[in-house]
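Heads up, the next two complexes both have chain A, just with different partners, chain B and then chain C.
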Partner chain A sequence: MIPISVRFEPRERLSRWTNVWVPFFAIVLALVIAGIVLAVSGHNPITTYQQIIEAAFTQPGAFTQTLVSTTPLLYTGLAASIAFRMRIWNIGAEGQLYLGSIAAAGVGLYLQNLPAPVVVIAMMAGGAVAGSLWAAIPGALRAYLNTNEILTSLFLNYIADYLMYYLIFDSTSFWRDLTSPAARVFPQGKFLPASGNWPALSIGSVTVPLGLILAIVLAGLLWGMIRGTRYGFEMRVMGDAPRAAKHAGMNIRRKILSIMLLSGAVAGLGGASQVGDFRHVLDPRGLEQAQFGYTGIVVAALARYNPISAVVAALGIGVLTNAGLALQGPNFPIGLTGTMEGILLFCVLGSEIFVRYRLRIGRTSGPVAPRRAEAAPGPARTAAEIASTERRELAS
Partner chain B sequence: MRKRSMKRLGAFVAAFTAAGVLAACGSTNAGNTTTTGGSTPAGQWTTSHPFKVAWIYVGAKSDAGWTHQHDLGRQAVQNAFGGRVETLYKENVPEGPQVTTTIDQLVNDGANMIFATSFGFQPYVVAAAKKYPNVIFEQATGTDVGKNLAEYGGAGEDGDYLAGMAAGYATHNGKIGFVAPYAIPEVIREIDSYTMGARLVHPGATVKVVWTNSWFNPAAERQAAQSLVASGVDVLGDGVDDPTVGEVAASAGIKWTGYDSNQNQYAPSAYLTNTIYDWGPYYVRDVRTAMEGTWQSHFYYGNMTDGTITIAPFGSSVSEAAKTAILAKAAEFKKGTFNQFTGPVYKQDGSVGIASGETIPIWNASDPSTLSRYTLSWFSEGVIGSAKG
Partner chain C sequence: MSGINANLGISIIVSAILYGTPLLFAGLGELFAERSGILNLGVEGMMLMGAVSAFWTSQKMSGPSWLVLLVAVLAGALAGALMSLIHAFLSITLRANQIVSGLTLTIFAGLIGMSSYLGSVLSLGDQAGRHSFSDINLFGLKDVPIVGPILFHESALVYASWLFVILSLVYLYRTRTGLHLRAVGESPRAADAMGVNVTRYRYIHTLLGGALAGVGGAMFTLQIATNWIDGLTAGAGWIAIALVIFAFWRPDLLLVGAYLFGAFLGLGYDLQARGFTAIPTEFWSALPFIMTIVALVVASTGSMRRRLGAPAALGLPYAREEG
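Coming up: the complex of A and B.
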């Protein structure tokens, strides 16, 4: 037997530096591995990477389009991040976004004759409330009946999907267009008049959608809330040390419910932005194909549930999405773009372990060393001890 | 109005399990197979300055159905013009703002002509046609035309009439089941045609419809097909993309008609025939006029006469009598002497849907409220089920 052991040891302290260089090297590693894959499949890696930069940033209009892809992912990424930060596994951003779209389209159509700013704000409010209420269902079930919110929020996505389809395909609902020539051929929603089209900010040749600006502001607010408020502190404690939270007398049920409401509101706003910023219609098929809610989970994971990092992660996935569209074609199979994206995500997410753990390679003279004592809390420890340990870990 | 509903499992998540996809990297692509261009005169385009034509697909070109058939059409264009055209395509493009992204990228890459093959692309294509007046756009199964925007579709229902005849010959008890996607005019006219075909050769036959509300949902299709088998049908038809219904039919020991492309291989023991869309001749024709500078906007509805619609080679269990009758009817479609939507056509409840001697148009753009193939929304006599979904 080779007398060498390879072990992962938890880092005593998590340094900011580690937080930067590990993901950086992960990306470099991913570029190298993807480069090998590209070279083996007969593509020049350098040219390919150049094409990615062009497609995402430098071609005329490319960066504007990247922002279009980024916007919904930031909403669903934030929705997932804040829930996951508290270990509430809201997989339902997809459905909450659908509900936000339904409400925003409904409000926008209903109030269409009011001044545009009123309509826009009402659409936002409608989207947020609808997403929030949809999330309240798994939230309340989890909080009061201890139901598994992963399953309930996931199943509600399908119900929301059916609801959307019902409104456009299987009923003569308020949302459905019954008169236009195109609608006679294939069911579609009523398009919003100009009052419901959200304005956008033009900076040079780049157009920034209002929804993106709102989402970035939201990211800042959520970050501030988690870091600097009592609410955020309780949220972190409940996420990292639920027993401590309980012993400290925090109202866990109310917190679970309120976090789900907040998460759902963010996702619902994302749905409103889809209608107001981009589609101007309730578009069940397009929203279903886009799968923003599920991709948002990837964004949250990349951002390690940090709202500010989510902005970067959403932009990163937006870049990949548009670059993927640009690259694929007769000489570049879609599977290859998927593989490249997969390599990148795998490296970045997989590198997480190096942030939290240190790789220890050394000679061993016997069996693997026992786990560190404090990693295995025994029954002898008091609740206060557990709380203090967990809080120390949290603070580091 | 065709639109795929391929559930994209967030390309990113799926990519984790996509190690096998690497194999695809080695596959050859038609984009490189430059065969000789033949003697076709096609403008000033040369191998060093090729005409660039692009396709935008909503699904994967390997879907064995709708998108696959369009991609065969793209390959036909490549083969017809060789190095003087460069064909591009983008697959799995979701309906939404990313259609704009894709079009921007294609125009940036120098595309001269763009085909969009899903109805849901239309609003974005209409906007792009205004933004890029020098690029020619064609939208499949759409409704809006413009100076540089044409529409095209195909009478799949004519092939369905023939497939219905095959089903009518195959059924013993006169009970046929049909797994249908959306309750929209395109699918309703297919089911009506299928039922008329079946009843032509098997008077009194009925076609029982179950909806799945998706072009592509194998689980729902399996359930729908099984429920139809349980209700006693002895032939199954479908208007969805994948051959799942065929598998159910084969395991139940009954017969089946598929859709879109030749699906014989998926359930040979059950297979009868099905409608095939062949876009090649149309694409070659339109790309040629575009290359020559004579392209004009149009609204096109292909059929058996021009070869856009064909039916697949018969399965082994189709009788000689059935083959003869079906081919005779196919010849009438080709000659243009038969139209199943010429009255009298009776509705499900027995009332007159199309008066005797009257023929409904394909589509009346100037008055969309006119009854046409594009707007027909009722089931014909013999269909069991609701046309409302």
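Coming up: the complex of A and C.
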């Protein structure tokens, strides 16, 4: 046996400094690993990174496109953040976003002769309600029957996907364009008239979609809710110490359901924004290929489920997603987006232990014990407590 | 019973076995990982990596077909195992959240990730498969009525899956290592006190899980589809994870569940092939997912609410806190 032991010891203090350098190091490491993957598959990493930056920021109109990619990711990132913060694993933002798109497109088409502001607000409401109702299925099943919400919310994504395909490709539904010549060649949805196109803000040469402004406001509101309200407090207690929440007499079932409804509403709004801001039509293929819901999980995890950080994380992943669209082709196949997102998240996830623990490399029978005995109380316990909150029964 | 009905029944069972076998392989793998206490939600991604690696190997290699296929399946297993190694390292050594780590694995390896990247870098998308598994007439009993086409006319992968189920049952319930494995999943602290190396058991079984998921994926590109399309497993990995729950973590029940859901997956194809189009195709495609939700609900209600068979330490990191 090699007489060397590698192990993690709880840190005695949780410093702000480790909170900064650990993620920073993780991101650098991710860039290096992704660079190796690129190099092995025959691409020059430096050139590719340069192209990503150019496609995201420096080329004319690039930043506007980056914001287009950022907007839906902020919605799905927020949807995942608030649910995951409470350890409700809503993997269904994908399907909730689809339902939001279906509803918003339906409302927009149905009310098209009303004044534009009315149509826009009705689309938002429709998207939020539809997303919320779709999320209510796994939410209620988890809350009242203790059914695993990870799997039910995920399977509902597939069902929602087939529903969209049915509406546009396999039926004569209200959403489908049955008259235009293009639609006779290849099935497509009815395009919304101008009243259903959401306005956008122009700052210099950059166009900021209404949906993005709404999402940023929403991020602020959700952050305030988690930080400053009784509801948010209870939510944090249930996420960090579920047993304490139970003993304090909180209505856990209602909380689970309401968080799912809220999470679904946010994802549904993202779906409405897809129709109102960008596509102006129910576009099953486009939405399916974008995988906004799953990518939102990456955003939420990078932001450590903090709504304000989610804005930054969504922008970061937006840059990557945008590169995938702008550089599409042999130099940047679509699969590279998910690969790089995965590497980034693996590195950040793997690095988290270094915030709470210190890596000790020493001899197996070395005299480490005495110091550890002294260090028991105080902040070290806080670190251990944080670790122990992860021990919540996975349940269902 | 008329002959036509009997034929229809047999063809439904045959397709249930065909589409159920990848679920069975991937489900067995997940079962082993979960029995050791590691929840791996990356099955879909591992299957896709297995599928793409197996297909690439079978396209590149030359030699007798059986050898090519064998090596291709092993390549799929290796790819799946490598993917699961990432999850194992993060969740066992670095104690990361298993749910998030597994989901990341599916994003990393899945539909818009590594498997798709490899498919395009190696330009597999527009290739027709050169080798595929065909049905073997075992003991020459293929023509025996009813049981012949079901039991004695299957591919080597299907026979291998049956062997695996038997081996898994023996391993889990009749060997010392199997006993230790169950102990690690139920109470890692107690297992540790018994002298079982918890970390080693968790690594080995998570890797085994990845390898079996890779084999399940390989079956898509080597038998079911015989070509490569991005995301061709279409949710099979997720159904496999659900199957483990309603099989109560038991290999024998997993076999039943896999064929039941294999039947749902195959039903749509069969009925369409027979010109039955009264119900839209999307419904048949969504049916397995609807039924999985129903089965999950049933499994979580009533007397089953106490999570019969779930390893008690599932999803929890284990660290020996000395002192």
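Everything that follows uses one rule, which is that the second predicted complex is superposed on the first by the 311 of 396 C-alpha atoms of A that agree within 3 Å, B and C clash if a C-alpha of one lies under 4 Å from a C-alpha of the other, contacts with A are read in each partner's own complex, and residues count from 1 in each chain.
As a working rule, contacts are C-beta pairs under 8 Å (C-beta built on N, C-alpha and C of every residue); 3 or more make two chains touch, one makes a residue touch a chain.
From a predicted model like this one, the values you see are computed outputs, not experimental measurements.
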Touching A:Asn331, do we find chain B (first), chain C (second), both, or neither? first
Touching A:Ala182, do we find chain B (first), chain C (second), both, or neither? first
First, second, both or neither for A:Thr58, with chain B first and chain C second: neither
Counting only touches as set out at the top, which of chain B and chain C does A:Trp89 meet: first, second, both, neither? second
Touching partner for A:Ser205 - first (chain B), second (chain C), both, neither: neither
Please indicate which partner A:Thr229 is in contact with in the superposed arrangement: first for chain B, second for chain C, both, or neither. neither
Output check: A:Leu154 vs chain B and chain C. Expected answer is one of first, second, both, neither. What do you get? second
Who does A:Ser69 touch here: chain B (first), chain C (second), both, or neither? first
Of the two partner chains, chain B (first) and chain C (second), which one does A:Asn44 touch, if any: first, second, both, or neither? neither
Where chain B and chain C land on the same part of chain A: residues 41-42, 165, 170, 289, 291, 294-295, 298, 324, 330, 333-339, 341-343, 345-346
Would you mind writing out the residues of chain A in touch with chain B in their complex? 37, 40-42, 55, 59-62, 65, 68-69, 165, 169-170, 180-182, 184-187, 191, 274, 278-279, 281, 283, 285-291, 294-295, 298, 317, 320-322, 324-326, 328-331, 333-339, 341-343, 345-346
Residues of chain C touching chain A in the complex: 39, 41, 86, 89-90, 94-101, 103-121, 230, 235, 238, 241-242, 245, 280-283, 285-286, 289-290, 292-293, 296-297, 300-301, 305, 307, 314-317, 319, 323
Which residues of chain A touch chain C once you look at their complex with the stated criterion? 8, 41-42, 84, 89, 91, 141, 145-148, 150-152, 154-156, 158-159, 162-163, 165-166, 170-171, 289, 291, 294-295, 297-298, 301, 324, 330, 333-339, 341-343, 345-346, 349-350, 352-353, 369, 372-373, 387, 390-391, 394, 396
Interfacial residue positions of chain B with respect to chain A in the complex: 1, 3, 5-16, 18-19, 21-22, 24-27, 29-32, 58, 60, 87-98, 100-102, 104-105, 108, 119-120, 122-123, 141-144, 182-186, 213, 363, 365, 368-369, 374-375, 388-389
